[in-house]
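Next come the structures, one after another.
Shared chain: subunit A. Partners: subunit B in the first complex, subunit C in the second.
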Partner chain A sequence: MKQIRTIQHKISSWLPAGFLLLVMLPLILLPLASVFIYAFKGGLGNLVLSLTTDDVLFAIRFSLIIAFATALVNAALGTYAAYVLSKTRFPGRTQLGIILNLPVAIPNVVVGTSLLLLWGPIGLFGQALEPMGLQPMFTPVGVLLAHIFVTFPYMLGTIKPVLDDLETTYEEAAYTMGANRLQTFFHVVLPALKSGLLTGSLLTFAHSLGEFGATIMVSGNLRLRTQTAPLYIFSQFEAGNIQAANSVAALLSLISFVLFSIIIYFAARNSRK
Partner chain B sequence: MVFAAMGLIVWTVWPWLPSQKSSKPQTLVLYGFAILQDVIAKEIFPAFQKKWHKETGRRVELVGSFAGSGTVTNQLIMGVPAQLAILSTELDVKRLQKAGVVGTEFRKKLPCQGIVNGTPFVIVVRPGNPKNIHDFSDLTRPGIRIVHPDPLTSGAANWSIVAEYGAALRRPGATVGAGKNLLRGIWQNVAVQAGSARAARTQFEQGFGDALITYEQDVLPQDKAASPRKLEIIYPRSTIFSEHTLVVINKHIAKEERQMIQSFVDFLWSEEGQRIFVKNGFRSVDQRLNAGNRKFGHVEDLFTIKDFGGWDKAKKDIIDQIWKTGVLKELKR
Partner chain C sequence: MAIFIDQISKRYGEHIVVNRVSLEVGEGELVVLLGSSGSGKSTILRMVAGLIIPDEGRIVLHGKDITALPPQKRGLGFVFQNYSIFPHMTIAENIEFGLKIRKISSPERQKRSHRLLDMVGLSGLGSRYARELSGGQQQRVALARALAYEPNILLLDEPFGAVDTKTRIQLRQSLKTITRNVGVTTIMVTHDQEEAFELADRVAIVNRGRIEQYGLPSDIYYNPATAFTAGFVGDINTFEGRIKSCGKERCEIELFEHWLVYRRGPHSFQPGQKVFYGIRPEQIRVSLLEPEKHENGIFGIIEKSTFLGDITRYAIRLNNNRLLDVQLLNYLFLDGMVMPYELNEPVWLIWSQASGMIVPSDEACEQHPSVFCA
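Entry: the complex of A and B
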């Protein structure tokens, strides 16, 4: 009797998860699985072969570097923005906060186009820079600019809630001991942000790794120069090389899985504190 | 884990480490319309690299980017650093001239007015031709689903429209309205539009639609393909022969690159270069070489854009007036 009840109990506790799996199967899990199925279609040898061409190696390296640089820049900029928005009071603060979060809502293609129209050879800044021989668009700099724009809200979104919740008493204590704003920030505020910074950076990194819409506009999609891994996937898919495209897609999914595992690990550790 | 992260970082920046920086090769940047990707990246580029190295002892790195002809044209207008571009239609060349990207003088210096190669437009159907399609007129039957590239971004789509229109008019005993009627019938059945001919083929191969209108070159069976394409080519009685134009963007060519780029341009029209195109399914500008590919099909009545007064006139009369403001409006698309 007791056994049956435990089995019943087990089933009822598994039911919601089972139902979730069933719903997610056609929506998310099967499409993801098909990436891997197509990647392995030509066998493991073919997969390795299509992952070791010059184009793919460059695209992956380039994507990793851009993602790293984006995470670095936005870690600094995002933290600063979060600090200003959370710890200072000025008119228009709320509105500025909303505007800085807009990049997640604007279609990335539009971001790319507006960057082109500003920095491109026919754009406002672009025309001013041209005589100096500077031309950020269609170079790695252009790609970086686009990624910074598109992923900016992730860092801000991770850091600002932490700052909002941070007890002001510690800061006040620091001030009464004669610390200035900068000292307080580095010795009191920053240590509290450690895991938020890491989560935010990884989130930014992951989003930059998969960014497509803005990148295709500003990069010129040049192989061995500005072609990121998602652009390579798109080009190969357009050309009908589905196996090659999915090989890189599988690798990217794998990297993202690892990244998000780390994010969740740190987020969990953070909330336990 | 720290070691894994360090390893990844070292691997990532490896090619840019000082020890890896050997002599910097010259580079050539070419933008091309979609179906050129395979032949340029895998055959023309490597052949030229070898030739250039043999002649001068120097390395040249070739950078290519491929998309629908209209998309490439937009990128060029936006200012991508292309030195050469091969476009599907002369329409796109004219757009570049209008935007001031290129002048008109470069074409006079090129062989064949800049036309590199060509290919006729064909209909592609499922194996065994289950819908019994033999000509453009069969595509107007109710229930046929057509995959067509999008005229906004694809050169192939513009060629296709003239092909469809022209095929109807050149039928013996055709009336004046025949071209428009055929266009209306076909576009009523267009189920999917893709950004480029290559993307349209990918969609068709994924199982969409009963018929696809595209370049013969893009659907000819390739020797090297692991699995033969599961499709069948139908040659219409009359169809257009598309001609693809090279564009030289002089303002992006530095003085020291001029010789190398001229040599590449010459290579495109050399017998070796043209033979590579023929091997890959393009028809050469040199008629003698076209016997080199036995897979080329026969078209009874092959016409060119000149038969319709050139692209300027065809764009105004056929694409804009008859197709865009006529057929599309009537079909409420």
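Entry: the complex of A and C
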């Protein structure tokens, strides 16, 4: 009797997880697995070959550089925006906060077209820049602009709660000891933001790596000029080179997986503290 | 005069938090602002610190008007209730922070932080972080940090609020010694009466944004200026009554059932004026003999006795069905008993005519209902 109950108990404790796995299988797990299966289809030798063409090497390097630059710029911008929204009072503060989070609500493709409309050859800024010979669209600068726009809310959303939670008495203590606002920011506030900045940067980096909608619009998908890794994958698929596309897709998935694992690890460590 | 607070006020919308408060603090003096939560005492302190700007009035430090100065430029030290030790710096770095801002050289900084750690009893713990220290230790760090750059004034906002009782008492005694040795003018805010009385040279009773009384602890305790102060500091038995007469030597007050009590000394009350008469529990003695002519007294029955270790509290039922609180020192323990009187025994309650407080009745009930309108 006891044995049957133990078996029943074992099954019932595994049942919820098992069911979840079953549901997730066709949605996430099997498609992901197929990417890797197709990548290895022609054998390991072919895989290495398809990962070392000029186009691929450029695309991956370009994606990594853009992601890194985006994280850097947004770390500075996001911190500044979070500080202003959290620590200062002015009319329209709530509204500004909502506007700065808009990019998350707008489809990335729309972000791309909006940037084209502003900076492109017939755009407001674009027309002003043309006589100087400057045209950010269809250049790496344009890609960077798009990525900054699209990933900004992720940085803001990570840092602002940390600032909100930071006790004002820390800053007040610094003030009473003679520190001005800037000194207080660097010596007291910034160190407290370290973990938030790290998480925010990793998040921004990961999102930039996978960015497609806005990038395809502003970059013009020019190979060896503005073609990021996701754009390369798309182009290869369109051209019918399934194996090449999947090789890079597999590599990109691996990088993203590692990145997000690190983010989750740090987030868990912070919540335990 | 080190600090002169001149008619400062602070309003949040319709709510007046600080109402035309004036105060002067002498050089090297330790003044305590004593009041309950919401009385405005912390707001007053923060205005002195410059963390809150007063709506009106001014603050003068050593003859200089500092009302418009930001906290950075006031040269003061502030100890917060939650310590606010910077978590990502070591204790020594925290203490040296004010010195670093003032561009003091590193060897000089280290010398001073060592000296301060010794002074607050934390020698050798300089390389630790806040999270490795107890609450009491963190508070010592906060004090050392505030004193490191030799401030003009030291401000403490309920510094012992977050600590257990035993540690509180230890910290209190250390604080008194340290501020005495350093000689810094100090203003402290607390809701703990015992703490205020132990530390202060002078106490200011704060109630609803106003200072009710400002003076020596003994003055406040025995000569409360207002009904609020009488009820706020220590325990008190109060009786409604009417002034019968007030001469040069003493006042005669009629309480319930034509019971008369006397208060020595000249007072400016008018005959027929409604007042409250108060007597503190520790000022009353119990006797089987009637009071003498120079004493006040009333008859009652011992209804309850509570043994509290060093003292015993008695609840005495009076003729008008009221209870009188009496507190006696447990001087003698004989035959298994502290006092020779038993429950339900009728006794005389006697006190000196030099004891007792008279408080005008008009505002008493409104100012302190729990004591005067029970």
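Things to note:
Criterion: the second predicted complex is superposed on the first by the 259 of 273 C-alpha atoms of A that agree within 3 Å, B and C clash if a C-alpha of one lies under 4 Å from a C-alpha of the other, contacts with A are read in each partner's own complex, and residues count from 1 in each chain.
One rule holds in what follows: a contact is a pair of C-beta atoms (placed from the backbone, for glycine too) under 8 Å apart; a residue touches a chain by one contact, two chains touch by 3 or more.
What you are looking at is a predicted structure, and each value in this text was computed from that prediction instead of being measured.
On the superposed subunit A, the two partners subunit B and subunit C both fit, without a clash.
In the superposition on chain A, A:G120 makes contact with subunit B only, while subunit C stays out of contact range. Look at A:N221: by the touch rule set out above, it reaches subunit B but stays clear of subunit C. Of the two partner chains placed by the overlay, neither subunit B nor subunit C lies in contact with A:K41.
The superposed model places subunit B and subunit C at 160 degrees from each other around the C-alpha centre of subunit A, with the value given to the nearest 10. In the superposition on chain A, contact of A:H9 is made with neither subunit B nor subunit C.
By the touch criterion stated above, A:R269 is placed in contact with neither subunit B nor subunit C.
Of the two partner chains placed around the shared chain by superposition, subunit B is the only one that A:G240 touches, whereas subunit C remains out of contact.
Of the two partner chains placed by the overlay, neither subunit B nor subunit C lies in contact with A:R93. Put simply, subunit B and subunit C get as close as 23 Å, counting only Cα atoms, in the superposed view. Once the two complexes are overlaid on chain A, none of the subunit A residues touched by subunit B in the first is touched by subunit C in the second. Subunit B meets subunit A in the complex at residues 8, 11-15, 29, 34, 37-38, 41, 61, 63-67, 75, 77-81, 195-196, 198-199, 201-202, 205, 226.
Across the interface of their complex, subunit C is touched by residues 167, 169-170, 172-180, 183, 187-188, 191-192, 194 of subunit A.
Residues of subunit C that touch subunit A in their complex: 49-51, 70-78, 80, 82, 84, 86-89, 97-98, 101-102, 145-146, 149, 155.
Residues 42, 58, 61, 64-65, 68, 116, 120-122, 126, 135, 137-138, 220-225, 235, 237-240, 242 of subunit A touch subunit B in their complex.
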